[in-house]
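First chain A sits with chain B, and in the next complex the same chain sits with chain C.
The block that comes next holds the complex of A and B.
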């Protein structure tokens, strides 16, 4: 276990079984602070399960997860949020019967933020500034259920930025099914938050051009195991990766 | 700040206090029962409307408050004014355990589990003849020496104003955000840092507490408790009230409870046929106006304003 302060997140021999099915097997990852890491792999390779394990929605069958050298795999998702981990979902999970602005306020007012709720006007201003940043400001009073799929994706991403301190942002297929304009807003917000606030991102994506533009390194997951790690160009030439994608 | 709130509550109370001046004894009684249902419907709306936990045991918590208070008063000589809060607290405590038991249940499973709890409680009341007098009903001491509905009206009104105000404070605070977030997507709420376990339990406790208080006071007003109060019909009427008024709105259950109770009185001579009519009304509402009377009002209001301006 690294304690040199450079590693933000580490998983050690992480395993998740659903009955007889092994979704994640002995998976060890190490993510540096400030990194944008891509997680790629064929469908059903265990990427989303990995996100669920790190964010706490699933309990690991075996193995350990460390954030800043502290073991976190026994913590509930809301406590992990308090430690600085936030996530998005492949199918955007917004609060449909709440307005866009109310959606933004939920994480900032939540238990994970201690007594931050006492600074309500300040939180509202922060939310409005973020909505401006992701070009949803004109919709702040609209119910989330009236937004398009792409706008909901933007909203759930912007909502995550409301958490303080935010250390690790897990994104599950943030570019799936969104139009090029929204994709570009999402990319810009990831880059800006990484650059300006030093937030570390772990991005699961099938969208290789976006992964290439954003990610410093990628980890290739296949059948629940990490089969390669490096830049996208490096892993693209590894025979095991080619075989995982093409089959054999 | 607290002073302003007290003045506001006092003003609301003073505004509603003269209502019985225009009513006869019987209709004052109807208003009293309406106020009981206002507390019941509003507190059920907390859990079902705001938090999305479709509990079908709310009427059982009212009966629990009623029987607890009555039995304590009868057997231990506890003053009624102490018995009522004890009834509320016990209902709240049982609400905590039921909420804990049902934490992982959603939708139909939660409904079934809570309904099973209510039915078990009803059967226990029926079978515990020695203590509860079973289906014969338990005579309960009344709170006031006078049987006049007018005097009870002022206490019911106080209870309703305080109860609704406390519920309003909850839904308009950050807890209201948590409740609505849990209702819309519990997994997302959890991932956004909301302690969903804690707040679901909290809402179960608050909601059951107010049901217990209302039930205990109702028992000491009517002077009789029986397992009939835990029949599913009683729960159904609460659901009808909330849906008719407007689920997920604060005013909806208040309007719906008064409307349905009054309508129920006007249709009394039709007996159980009323339930068929109410059920039909809910089906129509679900088809044409899911937001209930509050939603209808919100849609009509702008048109009405425009018409008046012309």
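The block that comes next holds the complex of A and C.
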């Protein structure tokens, strides 16, 4: 699905300071509904902090975040999830002592899923279908701690798709440390969910080939600021981007 | 030594060990979810024992003692939820750096407050509720009726606790929160609500121990101190955050104290537990079932 031009997420002059360290500074981003946006930048540039700010794990020092034109930066992470924002982490946050299927059912525990008792069989079927989709169905009764890092990344991503309604999916380094086969399953999942369900993705990644294949546009973050925006080919020729990557 | 007498002490040790474990499970359950030690756990035990005493003596009558236990637990559950909401939740709102220190200050203050409140409201005297049951037998071994009732009551409560944690949606949220707080938060679960429920359940387990043991260890403002000390010993032995560890360690502590009392001397009963704690710390600092924490 291509972006329809309506803004889904906007950050305005977003700033996050940790004591004297400015991790994100006056960062303004605008993500259109249905877009797959890449967030790239050198290590320590503030990409993960940005994810933490949007998902609500960090409170912004200054600035504002809007989802569908409504301000969300004062909301707790679970309320933001209920509004349709889900995220993954570079080190998968799975529930190690739960089975793969139980992991998938965790989003149904949220307050916004009040009819979960009635819908239990339906929720389980939905979870199993998603596990099938990401090729983990044969492992549904295994404990998450027995899965490989890549499989846990897949599980974490599939679990995110259980959130209803899902509007914005933030992914932090989904391709880091996963084998090519799993990487390909992740890419196909993103493309299919974007195309079929219109989910908007913001993907932080160092994997340029994957970013090139997936993302409509990229934003380049350096020292907490957005220094360029455009297609990967466009930003690759901007001197400030080259300098950020190579060093000035 | 007479094998019958030895078996009797062994049974007594197992009984008291399982009841100690109830207290320890309450402490470790709260820790596993909120990552804080509740130093006022003994005062919730004390609260449970007072509630049980007053319910049985003034409202229910001696024959309905078993109704008093869930009622005491329910009241303490509610008190725990309120305390968590207004005194402990602030440490999770905003970005407080030393949550453990905040929790220590609050729960130590609660300990002092509740002990003094008990003195103000009920005086410094000891109260003894009527016996729950007369002497009975486990096989050929005679056992105090109160201890037997406490054992059965504890097993029932632990069974219910297991069912809630393993089989319900709330239990899944509690387990998820214990395993990965950030993960469950970003999956849409209101972790602050989970904390509140966990704190309520944890302190109601302490109240259950207080109510069940009221006829044995009596009811007075500082009766929770010993149970708390045992609870912490068990946690060190079993491993902080491990519920199976608390059960095994409770049994181990009860049996060692009991056998030490009969084989060596009852005067050093508390010392045997501390020797066990020191031995475990030397051999396995994380406790029998504790996991080494990964930093970064």
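Definition applied: the second predicted complex is superposed on the first by the 239 of 248 C-alpha atoms of A that agree within 3 Å, B and C clash if a C-alpha of one lies under 4 Å from a C-alpha of the other, contacts with A are read in each partner's own complex, and residues count from 1 in each chain.
Rule of thumb we're sticking to: contacts are C-beta pairs under 8 Å (C-beta built on N, C-alpha and C of every residue); 3 or more make two chains touch, one makes a residue touch a chain.
Note that the structure is predicted; figures quoted are calculated from it, not measured.
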Identify whether chain B and chain C fit side by side or clash on chain A in the overlaid structures. clash
Is A:159 touching anything from chain B or chain C once the two structures are fitted on A? First, second, both or neither. both
Looking at the overlay, what does A:133 touch: chain B (first), chain C (second), both, or neither? neither
Looking at the overlay, what does A:245 touch: chain B (first), chain C (second), both, or neither? neither
Return first, second, both or neither, reflecting whether A:77 touches chain B, chain C, both chains, or no partner chain. both
Mind working out whether A:93 is in touch with chain B, chain C, both or neither, as first, second, both or neither? both
Output the chain A positions appearing in both contact lists, the one against chain B and the one against chain C. 55, 57, 76-78, 81-82, 86-87, 89, 93-98, 102, 105-107, 109-113, 117, 159-160, 163
Chain C partner, complex, touching residues on chain A are 55-59, 76-78, 81-82, 86-87, 89, 93-98, 102, 105-113, 116-117, 159-160, 163
Under the definition above, what is the set of chain C residues touching chain A in their complex? 94-95, 169, 172-173, 175-176, 179-180, 182-193
Chain A touches which residues of chain B in the complex? 174, 177-178, 180-181, 183-185, 187-198, 248
Where on chain A is chain B touching in the complex? 55, 57, 76-78, 81-82, 86-87, 89, 93-98, 102, 105-107, 109-113, 117, 156, 159-160, 163
